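By written order: A, B, C and D. Residues from 1 in each chain.
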Amino acid sequence: MIRSPHLNRSRLSPAGWVGGGISAVVLGTALLSLVWTPHDPTAMDIAHRLADPSATHPLGTDHFGRDTLSQLMAGARVSIAVSLVAVGLGAGLGVPLGLLAAARRGWLDEAVMRFNDLAFAFPALLTAVLLTALLGPGAINAILAIGVFTIPVFARVTRGAALAIWKRPFIQAARLAGRGRARISVDHILPNIAGSLIVQATIQFAMAILAEAGLSYLGLGSQPPEVSWGRMLNEAQTFLFLDARLAILPGMAIVVTVLGLNLLGDGLRDRLDPRLHARGAPRPNSHVDRI
Amino acid sequence: MPLSFARGPARAVAAFPVLAAVLAAAISSWPLTARAAPPDSLVMGMVLEPPHLDPTAGAAGAIDEVVYANVFEGLTRIGPDGAVRPGLAERWNVSDDGLTYTFRLREGVTFHDGSAFTAEDAVFTLDRARADASVNAQKGLFEAIDTVAAPDPYTLVVHLSRPQGRFLFNLGWGDAVMVAPESADTNKTAPVGTGPFRLTRWVQGDRVELEAYPDYWGEAPALTRATFRFIADPAAALAGIMAGDVDAFANFPAPEGLIALETDPRFSVVIGTTEGETILALNHRNPPLDDVRVRRAIGHAIDRQALIDGAMFGHGTPIGSHFAPHHPAYVDLTGLSPYDPEAAKALLAEAGITPGALSLRLHLPPPSYARRSGEIIAAQLAAVGIQTEIIPVEWAQWLEQVFRGHDFDMTIVAHTEPLDIDVYARDGYYFGYKNPTFNGLIATLDETTDPVKRAELYRQAQTRLAEDAVNGFLFQLPKQGVWDARLHGLWHNSPVQANDLTGVSWSE
Amino acid sequence: MALLDIQDLTVTIPGSTRYAPPVRLLDGVSLTLASGGTLGLVGESGCGKSLTALAILGLLPDGLRAEGAIRLDGEDLLTAGERRLCALRGRRVAMIFQEPMTALNPVRTIVDQVAEGPRRHLRLSRRAAREHARAVLHRVGLDPSRVSPDQYPHALSGGQRQRVVIAIAVACGPALLVADEPTTALDVATQARILDLVRDLVQGEGMALLMISHDLGVIAETARDMAVMYAGQVVEAGPTARVLAGPRHPYTSGLMAARPQRAGQPGAPLPAIPGAVPPPDARPPGCPFADRCARADTGCRTRPPLGTGPDHRHSVACHHPLEASP
Amino acid sequence: MAWILAQRAVALALTLLAASILVFVVLEVLPGDPALLILGVNAREDTLAALRATMGLDQPAVWRYLTWIGGLLQGHFQNSLTYGVPVDELLAPRLAVSLPLAALSLSLAVALALPLGVLAAARRGRATDTAILALGQLGVAVPNFWLGILLVLLFAVTLHWLPAGGFPGWEAGVGPGLAALILPAVALALPQAAILTRVTRSAVLEVLGEDYMRTARAKGLSRAAALWHHGLRNAMIPVVTILGLQFSFLLAGTIIIENVFNLPGVGRLIFQAISQRDLVVVRDLVVLLAGTVGVVNALVDLSYAALDPRLRHGADGARPDD
């Protein structure tokens, strides 16, 4: 429980590096798919459907004869785009809400927290299903459905972290100097909780990838001709007996991406999240009389 | 100094997963591969679950698939060949003017509650179906009826207000089955009919169980028990029949699953016909779909064979008009709209549409034939310069938005009612086709009883639709029957949506 | 034979990389304590006092390596097996901790926590162990009519909790009681009463006491002998009266000079000594105190001092010790 | 204690009220006419009107809301629009599938996660710990529906050990019933177990660093005994918190997993009801699920009190976590 004084806290752990590497590769693939894929991911070739991997189709083809590798690449694009916008939506609304709640306290704080409770009381997926039933399936609505549930997460994390900062002496000093609460929130609170927020965003991003896959798997996410990993899984399910490859590959893509983001998130947490030292992880020196 | 965790408890905590594994192993040793049912019973898989079991109060085909000819019977019945046969009416006379039908009813018929079936019940049934408060989904079937009377317990006289060529056929529909006044209101959950099987249990969401009705008037069926299991997921359906949990699928939900089953000697795979014309319906109200050249261009853009291969794994018959290929009056009109992208582009240019400028919405209901065909058609239309936005919808939304709201450009749907070419004459029907010549053909047809003349009229009607390129005519939906090779007597074709179990038996 | 005999105890933490040298937290500490005797260990925070105490109980944090010898009744604890150590802890050697607020398990009743040791070491039945625990609680001044033994720790005041911690330590009548700053976390009035209790218990039960404190007053009141620690080393040791009367190490004298201020906050720098204790990985090669010492010369900064003294009972590790008082 | 309970009850009631209004409004504007769905394409206008009247859909919205809520408060469920039977009758057989599934997967997750988490914490930094952590990372990243597909592929399609889906019904015996639930339960449990393992590990690590653990060791307790007698109950508090949170995920998971495995449970019912526009069933189920989540959260709060005596008297009545 003693950390070596030599331990350099400013470096990412090996697992964090691996996670960062995976995330970068997935992101790179998604970007690459914008300009180049081995084949047009939507081009059908029904005569060559369910083809085994070959030189022309390194990962084979699906039931319409579309190139699986190209589809996986294009799927990365959709998964990332949907998740990114959803998390952006959640953070864009949740962070100001959390800052506001922490700055104002009182009834506003109470209202924000109750709204959070309400959001948590609903099984998120159920609401997403209802929402897409209401608005119709599609990428935009999947973003909305996922984003809505990211708002309370960010609001809660922001509020908690901000409250801790508000108690710090330098904030009190800024208050005494006559700075407004909004100014302080933007100038002092936000930079101090940015680390926690980046970590949270990474984790939420991974969650959003999973959620998008789940919605698409249920047929509620992005629609053809857009390709998404979840929908590839859905379509592959009836081919389980014929060609399990189609069900295994998109799932692996999801797992690898989420794994990479989670590893990156954990690595960043070790480095950026100050709360780590407060709880959850070993407290340095708690046993030893301040060596 | 030992700083490691002591060994003992580590072993103790490690024992938990071991326990779980042992438990799993114990459970997995249960016999699972045993056949689901003894030889006098049958487990039939169905894709959709009926919302309720009263065929006179709902349109869902799944209702008929469970109860038609099994639980409920009509005055006439449709046989496996699609022909009208006697049902609860032993025989009948039609007056020369075609307006009066006199039915002689079978004696000794009882409902499952033991009460006798008489002409009074028949009068009640027909009057209920055409009453103002009727919730019969096919109320139109009874439109021509003027009066219904029961001069004696086994005679029924029906007067029509106008001659109707299909009246006896209409009476064979599930919506026209005979019900008793005492039980009519509760048939949804506790169906009481006159058929060879009666309901024993309905586990909502899972299965309906039937057993043989001992006092059945006709020949007793070979099966004593029958279970309909509802398996919506194609993968689960395939797993179910492979594992022997299900003995038969009258219509297997996933054509790709048949590939594995066809080569397996344990199963019979029988590709039969249905009444389902699958069409790419076009909304004539929305320009430029009112332009016959654009509609023809769409017809030329579609490669039916690719569609059948891609969406149906080769099962299905291409059609060129709205008519079932197995019907005697069928004309093959696919030659009028062959796959010809160049012709399609030329027609579009002629109609003044620049490539890429036309964007159409394509509403797709849930069945996989529609969703998959939609994806392929979108790709095929893109090849001739028509953009497509795919909008998947649930049935409820399809009915409200597409069918009734007419808020669509294109949609894919299979019209599964038999001989339903007359819908093209309906005013305000969802695709909005208007052609007085065609309407005249249908009006004549409705009043014609002579089979030869009717066939000729059907031919003319088909040709008319094909020439007008009313819709994109895609393919006839196949009936993809799969069952245990030892089963006999299941219908190969489906002239009506029914799983008639009266003649089903096991060899052995 | 001394009850406790620590010889050249060195505790190291491995370097963070393969090439970094291990860091010495304790550096050649030697102490002896006779049966029934009392020894005070004094020094600023971070000098290694608590680490010494933990080493005696065999409860060093994971990853630390101890070398040298810690003999209890002649048995070397550093080479003893974990099972043997478990048998000794609480039975032969027990410890009172500094923080009564956190040293007790919040989810178990106090009598439960006191009864645990006796049940294990004295092989008492559940019921007998509880009876024993009640008696011990009464003995440490928790009158059952005022403080129910079935209370949970959170319902008790700081002083009461520290009495429970003491009860846990003395429940099996250990030969050696290690008290690690037992009064630091308490208010002044309570401090005195707890010290009285400890003294009373040690005398009454004939236990040896190793009293650890940064407070010379506490040491003066409780210990016949004392040792002063600085930066992981014992810099001065001898009979308490002699050391206090004539400190020979500049650090000891600095501590004494700082005494009246009574730095309330542990870890606060002593006003009489400039600077702070060097961290274990940044200790100078020579005398560790050299940087803060007014008497230091270049030799102090390069050569570690050897322990010397006017006689074997009063030793000091310093190149330029203060004059011994008469 | 009573005060906490009362507070909880009021909060729950308000949540449910909000949930009921929300779901009612959503269903009001949801496109799709249930009567049309039942009667199909050939239905005539008068027939549709007649059916809507029998289903009570012709009443004003506020009135329908009030009769719905009023009925629920009296324990009276309305008839499903599609099945025509009261929702509670429809629900009972579904619960007989979903509840055992949830219980099975939850206990599976706990039975896996607790020992593994404790083991990892005890072996911190060693190969065992690293392996468990790596497995945990993998488990968190695997979507449960994909895991379900893989399990079917392995145990049903390839090995033929377990059924690929469907539910034979409990009347077929406990064995076949459990056999049908084992794969879905595993698919639900493993990702949950991964999260729970990590939480357990860090909770135990935190507890291992507590002073009272050292006190226990100083008494002569071995590491294991100290952990068992002093550590676990304290470590359970964050674990129970996460368990409570996971319950809501579990509910969501059953919706997907019941679709993967074709199980006639509550999840499939709600999915079906939404697509069939069975408003009565959907709104009842949503309120029921929200209520269940609320009750579970309240139970979690109560279990804090059972675990931690400090909370029993409301002395420092804050949650130990957060």
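We take it that a residue touches a chain if its C-beta (ideal position, glycine included) is under 8 Å from a C-beta of that chain, and two chains touch if they have at least 3 such contacts.
These numbers come from a predicted model, not from an experiment.
Colleague: Report back the single chain whose CA centre is most distant from the CA centre of chain B.
Modeller: So the chain farthest away from chain B turns out to be C.
Colleague: Report which of A-B and B-D is connected by more C-beta pairs in contact.
Modeller: Of A-B and B-D, more C-beta pairs in contact link B-D.
Colleague: Among all chains, which one's averaged Cα position is nearest the averaged Cα position of every protein chain shown?
Modeller: When every chain is reduced to its C-alpha mean, the one closest to the whole-protein mean is D.
Colleague: For chain A and chain B, let me know how many angstrom lie between their CA-based centres, rounded off.
Modeller: 44
Colleague: What's the distance between the Cα centroids of chain B and chain D, rounded to whole Å?
Modeller: Chain B and chain D have C-alpha centres separated by 37 Å.
Colleague: Averaging over Cα atoms per chain, report the distance between chain A and chain D in Å.
Modeller: The computed centroid separation for chain A versus chain D comes out at 22 Å.
Colleague: Measure off the straight-line distance from the CA centroid of chain B to the CA centroid of chain C, and report it in whole Å.
Modeller: 87
Colleague: Any chance you could list the residues of chain A touching two or more other chains?
Modeller: 1, 133, 237, 240-241, 287 - these are the residues of chain A that touch more than one other chain.
Colleague: Touching at least two other chains at once: which residues of chain C meet that condition?
Modeller: 62-63, 82
Colleague: For chain B, give me the residues that contact two or more of the other chains.
Modeller: 6, 233, 235, 239, 242, 394, 397
Colleague: Enumerate the contact residues on chain A facing chain D in the complex.
Modeller: 1, 114, 117-118, 120-126, 129-130, 133-134, 160, 206, 210, 213-214, 217-218, 233, 237, 240-241, 244, 247-248, 251, 254-259, 262-263, 266, 279-283, 286-287
Colleague: Sort out for me which residues of chain B touch chain A in the complex.
Modeller: Against chain A, chain B makes touches at 233-235, 238-239, 242, 254, 256-257, 259-260, 306, 309-310, 368, 372, 374-376, 378-379, 390-394, 397.
Colleague: Which stretch or stretches of chain B touch chain D in the complex?
Modeller: 4-6, 8-10, 13-17, 19-20, 24, 27-28, 30, 32-33, 49, 51-52, 57-60, 132-140, 188-189, 203-207, 229, 231-233, 235-236, 239-240, 242-243, 245, 366, 394-397, 399-401, 403-404, 417
Colleague: Can you tell me which positions in chain D touch chain A when the two form their complex?
Modeller: These residues of chain D touch chain A: 11, 14-15, 18-19, 23, 26, 29-30, 137-138, 140-143, 145-146, 149-150, 152-153, 157, 202, 205-206, 208-209, 211, 214, 245, 248-249, 251-253, 255-256, 259-260, 270-271, 274-275, 282, 286, 289-290, 293-294, 297, 322.
Colleague: Inside the complex, what are the residues of chain A that reach chain B?
Modeller: Within the complex, chain A touches chain B at residues 42-44, 46-47, 49, 63-65, 133, 136-137, 219, 223-225, 237-242.
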